[in-house]
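Letters A, B, C, D, E and F mark the chains as written, and numbering starts fresh at 1 in each.
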Amino acid sequence: MKKIVLFGEALLRLQAPSFKRIVQAPSFEAFFGGSEANSAVALAQMGANASYVTKLPKNEIGQACVNEIRKWGVDTRDIVMGDGRMGIYFTEKGASQRPAQILYDREGSVFANATPVDFDFNKIFDDTSWFHISGITPALSDNLAQVSLEAVKIAKSKGIKVSCDFNYRSKLWNLDKAKRVLSELVNGIDVLIINENQAKEVFCIDEEDYRKFASILAERMNVKTVVLTKRRTVSGEVHRFSAMIWNAESFYSSREYSIFLIDKIGGGDAFSAALIYALVNNKDLQYAIDFAAASACYKHSVEGDMAVANVAELENLMNSDGSGRFVR
Amino acid sequence: MKKIVLFGEALLRLQAPSFKRIVQAPSFEAFFGGSEANSAVALAQMGANASYVTKLPKNEIGQACVNEIRKWGVDTRDIVMGDGRMGIYFTEKGASQRPAQILYDREGSVFANATPVDFDFNKIFDDTSWFHISGITPALSDNLAQVSLEAVKIAKSKGIKVSCDFNYRSKLWNLDKAKRVLSELVNGIDVLIINENQAKEVFCIDEEDYRKFASILAERMNVKTVVLTKRRTVSGEVHRFSAMIWNAESFYSSREYSIFLIDKIGGGDAFSAALIYALVNNKDLQYAIDFAAASACYKHSVEGDMAVANVAELENLMNSDGSGRFVR
Amino acid sequence: MKKIVLFGEALLRLQAPSFKRIVQAPSFEAFFGGSEANSAVALAQMGANASYVTKLPKNEIGQACVNEIRKWGVDTRDIVMGDGRMGIYFTEKGASQRPAQILYDREGSVFANATPVDFDFNKIFDDTSWFHISGITPALSDNLAQVSLEAVKIAKSKGIKVSCDFNYRSKLWNLDKAKRVLSELVNGIDVLIINENQAKEVFCIDEEDYRKFASILAERMNVKTVVLTKRRTVSGEVHRFSAMIWNAESFYSSREYSIFLIDKIGGGDAFSAALIYALVNNKDLQYAIDFAAASACYKHSVEGDMAVANVAELENLMNSDGSGRFVR
Amino acid sequence: MKKIVLFGEALLRLQAPSFKRIVQAPSFEAFFGGSEANSAVALAQMGANASYVTKLPKNEIGQACVNEIRKWGVDTRDIVMGDGRMGIYFTEKGASQRPAQILYDREGSVFANATPVDFDFNKIFDDTSWFHISGITPALSDNLAQVSLEAVKIAKSKGIKVSCDFNYRSKLWNLDKAKRVLSELVNGIDVLIINENQAKEVFCIDEEDYRKFASILAERMNVKTVVLTKRRTVSGEVHRFSAMIWNAESFYSSREYSIFLIDKIGGGDAFSAALIYALVNNKDLQYAIDFAAASACYKHSVEGDMAVANVAELENLMNSDGSGRFVR
Amino acid sequence: MKKIVLFGEALLRLQAPSFKRIVQAPSFEAFFGGSEANSAVALAQMGANASYVTKLPKNEIGQACVNEIRKWGVDTRDIVMGDGRMGIYFTEKGASQRPAQILYDREGSVFANATPVDFDFNKIFDDTSWFHISGITPALSDNLAQVSLEAVKIAKSKGIKVSCDFNYRSKLWNLDKAKRVLSELVNGIDVLIINENQAKEVFCIDEEDYRKFASILAERMNVKTVVLTKRRTVSGEVHRFSAMIWNAESFYSSREYSIFLIDKIGGGDAFSAALIYALVNNKDLQYAIDFAAASACYKHSVEGDMAVANVAELENLMNSDGSGRFVR
Amino acid sequence: MKKIVLFGEALLRLQAPSFKRIVQAPSFEAFFGGSEANSAVALAQMGANASYVTKLPKNEIGQACVNEIRKWGVDTRDIVMGDGRMGIYFTEKGASQRPAQILYDREGSVFANATPVDFDFNKIFDDTSWFHISGITPALSDNLAQVSLEAVKIAKSKGIKVSCDFNYRSKLWNLDKAKRVLSELVNGIDVLIINENQAKEVFCIDEEDYRKFASILAERMNVKTVVLTKRRTVSGEVHRFSAMIWNAESFYSSREYSIFLIDKIGGGDAFSAALIYALVNNKDLQYAIDFAAASACYKHSVEGDMAVANVAELENLMNSDGSGRFVR
């Protein structure tokens, strides 16, 4: 089974217990996560051969992160360890009208300070069929932007399929730079995954027909396949989620899920993972978008950044009416 | 006050904390439960003289189970202790579209291996007015099937009323054997409690008129009173529950409750307990079915297998509009 | 910045963990709270100069209470410490059809036994712009009724604005006495805050037009401004909340919030605090009632008795569509 | 098996978690305990028929206390429930040079307010072989002093053996009153258990020969058997404990244990229980004092007020070299 | 780096929290462990290429066990999953004179029921330099005795070094059978690790000179190297530990450690791992025995079955005076 | 009461639960601490008017730190809030031979990046009698070195007494720079507190007579009073601690305490606080050194960085034999 390689930052997440606010917290539950790490774990739960590449601090916290990721069956042999600190973020769960909070302390992390010499993608891409990256990675530093572009170039040169989760983060860089760098990153790749609202905001597209919307994006970004995700906030604890997939020949939509939130973080990463899984395994596009939407939905019910769900569980959800029953 | 005797297996339930999956759990909350044990505890909370009969391992885990049951005021003097293991089951709570999970490790338990000599029902039934059993007990082993049939026979011979919660479990035995043994068990008893869907599945009855449905069951099973329970899954965290009672003269339905789930396990056992309580205390059938439905509903809001609710709390719910308010 | 003085009892709240009932609890989470203490903390989070006055036991529990209150930036220098016990109350969260429970053990507390010599309001009211009290304080003892009346009198004599949260508690005194004492307490003050149902129950007013309703109250109680709060119980976990403000010239209503409950206790106190904050800062009445309603709503999502929310968070909620979104 | 009756107050103990001080505690672990309740539970673990008599509040906290006590197999049928509050005490564990702390909030409890009509000892003493009481009970109120004296009188009149754990508490009453009441209580009973230091302090006896010491006490108090306990504080976490038993014919000493403290509370109660168990079962005095000392020692390693140890475990300790080993 | 293969059972350990007894536990902390699994994890922490072979249930509990083991960097690719149950054991920590308790529920586990066809050692031993097994594995079933003997035979035929931790467990089989099977298992292997007391008990050797003692064992068992471990119980919380290594040419002893116990389980497994690590890396025998003793000592301070310590930490301890200091 | 001003960094401490290693931790207990913050809290518990000056991030974590410090009664009005991150450190408790671990992530903190304009010491020192600083503060950045020197200068110019806890940290700067800067900082101040070993290491003094040792230090550093602390590591959980005070006229030593460690962090800060308290209150030097040593000893038994002990508790310890007893 060929490798699926994912490249990005992993962070230590410190979450206030139960529904306490950060300012009230007597302790923090510790999770590790990060967009590509989460996708890697989700892929491994599906039985895929996922390899996660990052740089982590050579200390107990960095080691704990490696341990957590390999615990879920991800190949961590290409993770680089070095001097520096782990990026951290603090979270509090939202409830009712109080929104969830994220407080980042990720600046100057060992990964943000990584340089091209840290990662030998020619070697990393041995025996690889797919490469996935998110738009967060190039946002972290100019070095990482360069590394990201280089990695995609090498992947393409080796005939490896490339997907990108657009994931523009306004707190990390300004819109103009993001637009420029991400456009270069995405240019010519196979699959672009992008949130509908973000696409509208970044590219100033005002188009209600999603099929047209996707085709405009595909043309502008020069990608073969465009995947749109759509989230609606009903209330603090209820969201709606659906997705669409477009290529030159066809366009498919998933069911819309109404989700009671347990942990929203990582929902998009579980989506990307399932989409890649389906495409790598040559499922048809309707299956792919349904499986990815089910994965995103399911993740919202799992604590922590990482999706813990196997293919059978996701197919059950995908083929069910969406409610949970005991089996005894 | 005469005894109500209940006979069946008690298990150790190990539940993953908060909304964690079993595979994520760093610890497990420990509850004890089992269909008849749960009903016994519920009866004791109502002030009834409930006596629970089972066989438990003669070790710390078995003793902890005795302690937990007598803590709630149940008479545990007829529990037998012997060599062997306690049946265990692992649970994870469901949420949103992720269903709750139960993983059984109950094979070869000290109770499943019990033999007729372990229980002297002639002595156990001293000063007893009611005997309750579920369809799980005879499913556990041929010995227990024999013990169950014998116990019902002795009860009837002493003029003790007998009720049975049908509770067919497909994971424990096959349909044909279950149908044959349970039909013999139930034949001639006073009250049969059965879930509507199960009744349809086991007896292949396709009848939408519940009154007729019940009368067909009563005739076929040769029981005086048939109680149907009805559960609808709205979503992972919301269920609807109602119930009906039938005898040759009359037919009554309860209100339908929409329930936000805290812990679903034991809802049916709380129902049986309340029904028995009402019948033993000569309440009319409308009260009986309303009280039983309120008890089932209330249990869903209580953590653990065992219903902790007194008569006043259940009557309050039964007579209220069903929403919760502070009293201060 | 002039002081806002609040006077009343603080209690130790012992809450059963998660959704356990009191009778099941292996431990209790410890919070401190009390109507005026909660309002004081909420005011301090808004940046106000809140001074809380009470009497506490001169022991570790009393000191822990002082610590908790000053932790949130409240001025605790006028708290009196003396021999006696801390009032306690036990709580269990409600869920679905099971109502939340409060079990009081507050009789004979050091505060209930306080006497007029304990509090020198002439000194306490130095540099003070506002005085707030609830109807719970005079209910605790005849001494406290006397102290309360005296405090209001001194406040008025110094030109300090006075507000009162009516808060009639049937478990603490009988209706007749409450009506008599509270009417005297409220007579001539600036702002009366009262729950709609309580107003109807205590004063036997049957008037559906809230403007008229408020004007009747204002006249009968001789207060300048009347604020009505309105709570509807949709289910055990969902309430609706809105409020209205009336004075001789005008009448404004807030939006109605549908609230998913995390911790209901202290919602009214957060309301009073925000109202006082708005009035002290000369906001217009529409802002005042909207800000107060947002504060009450927000509190329901915060664990513990005390509202932890700043002005920006409350204005965000007040100006939003009321659902919670991540900002990253 | 005849009953052993124990009479005294049960309290709710709220313990700060791990080694936190009370003033730091974010939650409290909840235990129930009380000198005679603890002894009753210890006796039940040994297989004795222990019946505990007290008065508890008729609410969830009182019921939780009954549940905890009957959980351990104690007969709770003679416990009286009534209006009032449960006595409470807060504890923090000591460590190193920081002593453990106890903060009492037991005044005005439902038990302290109990009256002679609450307890019908003529009925309670049906089929009873032994009655045990501690010196705490008469200290709680004049009513309870009267009830205690009356109970002992009735016991003696029925030929029931009586033991008393002297347990003078300087925080509850003054020395003169204690001396007078306790002397009357103890006069003519069978077994007096008293701590060496307390005996010296209360009775101003300065005698280093323990045999003589005991005989002086026996004569002065008019009791048949005197049991002296001896505790030495080596450090905050290490104590030494031993005991001696005296009657007119003989005098025996136990081994001295060096104990690493887990929970000191209830050590004396476990001692009394084991002593009574040995005497009721006609063990010789050497066994009795060894068994009692082992029970006290063992209790120090068990969390909570109540000793959880069976006869085999205590005899193992009594016959061992006193260190703990795995058996696998 | 060649593989070190370890073969044996992994169990789910459920530990009562803090110092609670099993019968008091409201929850259980979950660890996975087993003699060879523990050694494998310890080896991986030292940087060795450890491969663990076992059979686990194909369910969430079995998967959680795989996850835990690979989390620590052990190669789990040769673990077999199948139908059946996971062996379980319950533990309570000891304290002072109360010994720790272990309650096994491991009968009929999927591993105990494994058959020769489950494990293809010819393939498993690819690229392997060392094979380690304990005396527990052949004790679990006749099938496993056969598999164990066969595995050792294959290992020897491939020139792989073999070590065995004798680990006779009287609860699993009788002495005669154990002696016969283990003698056959150990015959001709490279390294035998055995506890001094066990050696004396099983082989009835009464010899105080450890050098002679070891040589007798070596001759009788036909092994090249004999390692003796020596444990002395000072008290429930303090043990002393040392070890000796013997071969035909030389004999070395380690320092004796006085250990304050945090978690004793797995101490011997950490010892074996460190010994193998030293021997595989061609360290001299004095280093080997010192490193192994340090590893055993260190493990006693780590919670859980598995030793978490790297080579630098163990060498620090080995070269230090044995007390712990902050480095800041 | 005049202010005692303390200036230094506060950090968020994240501690692995119970005895888990950082790499095993599923959550972290959150404490705030820092040398001067800890001393400020200790002083406030003694009733002193302590004012703590630092710079914290203007976010929820920074606010939580302010809250924690003012909770204990410290004046926090001169704390500056600004953009940046909070310094963090991770800890694991040591046990037996495994040393405690500290992993710092404090680089680039908002405090380390502070500049002279952030602190207006002319204003801060209003109505101040004492200024305390540690050697950690100037080590954090050149700016802070400058601010520290300037602050001491201003203090001296205003006649404020100055004390310094030498606290050389080799991880923060090199010895030469430290020696140079700290010598300048300490030159001419009133009280220098320094650990014996550190004094020997930094100043290469080899003198066994502590009186001479202190006088050499006093002369070389140009300080009036020198306080030496002495710590001996007996084992991972047992330390010995004592201290000496020297001035031109006299020299006093404290008792040596043997301490069973609960939490070592902050012991030195509690020492400094108590010393300052004694000197500010004009206690004699013997009292001062005894009180300070008792405070250091007591802190080791309290969880968290901050000493929670009042004057009576410390005097009790100082006047006792050093073991802990219940008072009931």
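What we mean here is this: a residue touches a chain if its C-beta (ideal position, glycine included) is under 8 Å from a C-beta of that chain, and two chains touch if they have at least 3 such contacts.
Keep in mind that what you see is a predicted model, and the values were worked out from it rather than measured.
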Path length in the contact graph (chain D to chain F, fewest steps): 1
Chains contacting each of chain A and chain F, listed by label: C, E
Centroid-based (C-alpha) most distant chain relative to chain D: A
Same or different residue numbers at the chain A/chain B copy interface, by half rule: different
Between chain C and chain D, centroid-to-centroid distance (C-alpha), Å: 45
Centroid distance [mean C-alpha coordinates] between chain D and chain B, Å: 41
Overlap residues in chain C, where contacts from two or more other chains coincide: 21, 23-24, 26, 67, 101
Listing of all chain pairs that touch each other, if any do: A-B, A-C, A-E, A-F, B-C, B-D, B-E, C-D, C-F, D-E, D-F, E-F
Footprint of chain E on chain A - complex, ascending: 67-68, 70-73
Contacting residues of chain C [partner chain A, same complex]: 257-263, 297-298, 300-304, 308, 313, 317, 320, 322-328
Residues of chain F defined as touching chain E within the complex: 18-21, 23-24, 94-102, 104, 169, 171, 233-237, 264
Complex interface listing, chain F residues touching chain A: 14, 17, 21-30, 59-61, 63-64, 67, 85-86, 88, 90, 101, 103, 105, 107-108
